[in-house]
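Shared chain: chain A. Partners: chain B in the first complex, chain C in the second.
Take a look at the complex of A and B:
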């Protein structure tokens, strides 16, 4: 049975050799059995290290910033002039820019995403769904830089042809395009929630003579409500963190305004502008990056935790 | 007993049915809306950019002259970054998934790591950029080298890969592993020779999808300070680089100065989308061809 043909002639040596080899093998594999779990544990802890790394860098540098600019001033000043002689660091213009673009995006993505989900889950036949779902997933897979290009070179000029007051850079068109980007996310998460509503409930309603529409609004949506709300909250979180579309199409005006035809800067776009520029490490403007990023991180974290809380707390079990 | 007013009844019924039909078409139209925008976007990019794609554009160096500019540098940069992202994410991602699914005891620690991963998936990509800037660019002094970009993007897509690898491992039926144990195989032997091969197709599909996410990602790279105009081609992981999405970004920004740059951006988008399309087709092919159903 030995693989080594030279030792075939001497059986006794062969067997003892085999035993030795076997023992070696066993101890090797025993060693592997012990080493592998600890090695894999190390790999798994990299994700924890990433979180610690994010929190540590953001907090450490943001604290440096708040030594120069009091935290109260940062959150209440409506002026952001990082490069002027007398620099002002108020985050409110960035927060308002972020919230306005998010609201515009959700006005598009919320209703259209939900209605798409209703169509796919309640009305479409299996065949239609099999065609539409992958197509919607393509929409979700397009890089955001492409949407940014689309907003800047197509949507803005298009809207300007019948609304000339709109600026070349404005918050409206990136908001709209961001909405389109979020549609597939809301559609697919809401559809999952509606799909998990058991058919018996649906059929019960239909058997009582309700139309599909009545069944959808009075039975399916209330039953899937937590999942639908969670999908909206995740959509909001996505919109808050979205970077390239607003960076390209909304410009870098730091005015505190609510006029959607004007350029506005979001928190994400500010980070791109300042870090891409020549902010020397150690300057207040450099540290302001981390203060803004920390604010952004807290916003999205709250949204993500809220989504998880909603979908756990209010889930209907069947 | 009062007689049923059948006329009133049918008219009310008809109204309800009509309402249902009207809403059905509204729902259908909103589903179409997203797809129509997708079609407009693709047609627009193709009509604007496809004419600019020729062999000079694909293999040429950057140039301020729109007629002569090429994207070879950006293409190579993207390839180099992928050569960092693929091994790093595969090793860490699959390793983490194997640990969580097959070694970790069900308990607080495991659920802590899983909660942490799902939170990481929700962190905006720009924040990863700042992490990369602080840790890889400054602390490890990698500057804006391929390695800094690749590691940053790896951390970004890791949560996606881990979750898909976990699902792939979970889909392997338990009786395969039990048969292997019954033959005297140890746990690691079972994982390496039975479970991982059985889950390989799904893991590959998931890793290609997370790779395509990394290819299109721009925001973290802007934070790392990838140069707008770079002539030399990257020749290793310690070289400065630019990537396709960065090239699109800079050409789009400068299109207000030189109108042709918008066409160059569109042409680069076509190249990027074709690349993503090919990757996704490979993923679908692997899924259909090699995925076993038990």
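Take a look at the complex of A and C:
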């Protein structure tokens, strides 16, 4: 009350005076203003430095490998026999295994993920969406080893009941299960992309006599296209890099084939197998790990660059 | 030769018949319309008969139900969950509120221009061609022609003819709104609903849209919701004054603005509230 009578206005506190007082104490916070950005920069650099470090190691060791095995031989030989008397180091069997499992996974995850996203974003009521999305995210949180186990002990035997030619280890079922694993990722990210398309645009289309389906496919999806592509590419990258499921359910046969009933090895599964203990440091087989890892790195790099290009080219800005 | 003349004559006859019946034909006949948003009673016993090929303005303070009413005319109001209606709106001898009435058919004949311009994130050309395309017109030549006539109809052709393939979002706000009007014209509707089409525009663009509305009423019935009373006075033939979900007064625009029957109408148009 005393303060109130001091100040000429009716304000309970004199704000401008308090600000002047506080300014005198500012020196400490000025220091923070300068220090914090540097600190943040340091933290942000960690990712960049790590990437550079990994790339450096990969290159250094891979060069050692390519001294023993010429690079063209590595990319053209269809035999991979690292442990035989006369070792062969062709990466093609691993590339075929990786590509085939990725293609199978995307055949499952692409359409199902996108359709789920369309349902959630364009058709589902708020209530349904509130139940569905967390459920999807739970699916995304299952450890991959569980998926691998599921592929090996459940999916493969199931398919073999009506397709007996399928091997006990094969590339088909880990591919399928990988697809299931990737669905939530594609569904969730595509749904975000479609949800951020403004409602006014949908209304514009509906008001022209377009049906909901026409509006979805001719207006919403084109507008969300770059986001949808991004989700697909992330899915593909995830499939290429996936390790546990294929290691468990596809075995370790280094077949160069396109027969999905057979056991095949992916690049990641090869790295698991070889780094599992059989490779003495400095041997060719040890260095082959780095060559395969580098190939894997280049694959995902290409995917990311492609994604950037495609999403920029087809972007419909709103 | 004689056959040709005959045909011409019948065409003219048809025109004549249409013209003579124009002045009194009703496009929308609303009877005892009530509308609820969940528990909010937004429209109360609305009775309005809107004439064809006139500009009908709907005025009233915010929240009076005027936007709700215009959105009921093409059933866009149904996008809001929990909407219920009773009563009837007769359009071309059919009750559009009847569940058996196909809403897509209605919206093909009744175009809408929104408060905020909402072009599609596509090229100017694709924005106009969108409507014809979804209704099955694929011929490139025909589409080209539709795009040109529609853009000319909305008086924006000269401004955009050299950049039809550029994104519509590169246009100014006023141009975007005229593009949206052109988009409506592309499917040749009978009615154009305008929901505060100039509220986000500068005076110059507003003037252009007003002139356009005047021009369009030769061929279209126009119903316009507006906050701007001068606008209603300038461009409309009839004006309805809404207040708290009710129609207080509906008459010739002249009468409403010079000699209103209800005190509340007079208070509103003279700026005493709203």
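Going forward, the second predicted complex is superposed on the first by the 266 of 318 C-alpha atoms of A that agree within 3 Å, B and C clash if a C-alpha of one lies under 4 Å from a C-alpha of the other, contacts with A are read in each partner's own complex, and residues count from 1 in each chain.
Methods note: a contact is a pair of C-beta atoms (placed from the backbone, for glycine too) under 8 Å apart; a residue touches a chain by one contact, two chains touch by 3 or more.
As the structure is a prediction and not an experimental result, all values here were calculated from the model.
Q: On chain A, do chain B and chain C fit together or clash when superposed?
A: The answer is fit.
Q: May I ask you to decide whether A:76 touches chain B, chain C, both, or neither, giving the answer as first, second, both or neither?
A: Once the two structures are laid over each other on A, A:76 reaches no partner at all.
Q: With the two complexes superposed on chain A, say which partner A:214 touches: chain B (first), chain C (second), both, or neither.
A: both
Q: Using the superposition on chain A described above, determine whether A:223 touches chain B (first), chain C (second), both, or neither.
A: A:223 sits against chain C, while chain B stays out of touch.
Q: Classify the contacts of A:206 with the two partner chains as first (chain B alone), second (chain C alone), both, or neither.
A: A:206 sits against chain C, while chain B stays out of touch.
Q: For the three-chain arrangement built by superposition, which of chain B and chain C touches the greater number of chain A residues?
A: Comparing chain B with chain C, the partner touching more chain A residues is B.
Q: Thinking of the overlay built on chain A, is A:136 touched by chain B (first), by chain C (second), by both, or by neither?
A: In the superposition, A:136 touches chain B alone.
Q: Should A:125 be classified as contacting the first partner (chain B), the second (chain C), both, or neither?
A: second
Q: Could you tell me if A:36 is touching chain B, chain C, both of them or neither one (first, second, both, neither)?
A: Only chain B; A:36 stays clear of chain C.
Q: Could you look at A:27 and tell me whether it touches chain B, chain C, both or neither (first, second, both, neither)?
A: neither
Q: State the minimum pairwise Cα distance, in Å, between chain B and chain C in the overlaid complexes.
A: So the smallest C-alpha to C-alpha spacing between these two chains is 7 Å.
Q: Which chain A residues are contacted by chain C in one complex and by chain B in the other?
A: 211, 214
Q: Using the touch rule from the top, collect the residues of chain C that touch chain A in their complex.
A: That would be residues 74, 76, 79, 81, 104-109, 111-112, 114, 116, 118-122, 130-131, 133-135, 167, 169, 180, 183-184, 187 of chain C.
Q: Going by the contact rule at the top, pick out the chain A residues touching chain C in the complex.
A: Residue positions touching the partner: 125, 198, 200-201, 203-211, 214, 218-219, 222-223, 316-318.
Q: For chain B, which residues are in contact with chain A within the complex?
A: Within the complex, chain B touches chain A at residues 16-17, 19-20, 23-24, 26-28, 30-31, 33-35, 37-38, 40-41, 44-45, 48, 91-92, 95-96, 98-100, 103-104, 113, 116-120, 122-131, 133-135, 138, 155, 158-159, 162, 186-189, 212, 215-219, 222-223, 225, 245, 248-249, 252-253, 255-256, 262, 265-266, 269, 272-273, 276, 280.
Q: Please give the residue numbers of chain A that touch chain B in the complex, ascending.
A: 29, 32-33, 36-37, 39-41, 43-44, 46-48, 50-51, 53-54, 57-58, 61, 111-112, 115-116, 118-120, 122-124, 132, 135-136, 138-139, 141-150, 152-154, 168, 180, 183-184, 187, 211-214, 234, 237, 240-244, 247-248, 268, 271-272, 275-276, 281, 289-290, 293, 296-297, 300-301, 303-305, 308
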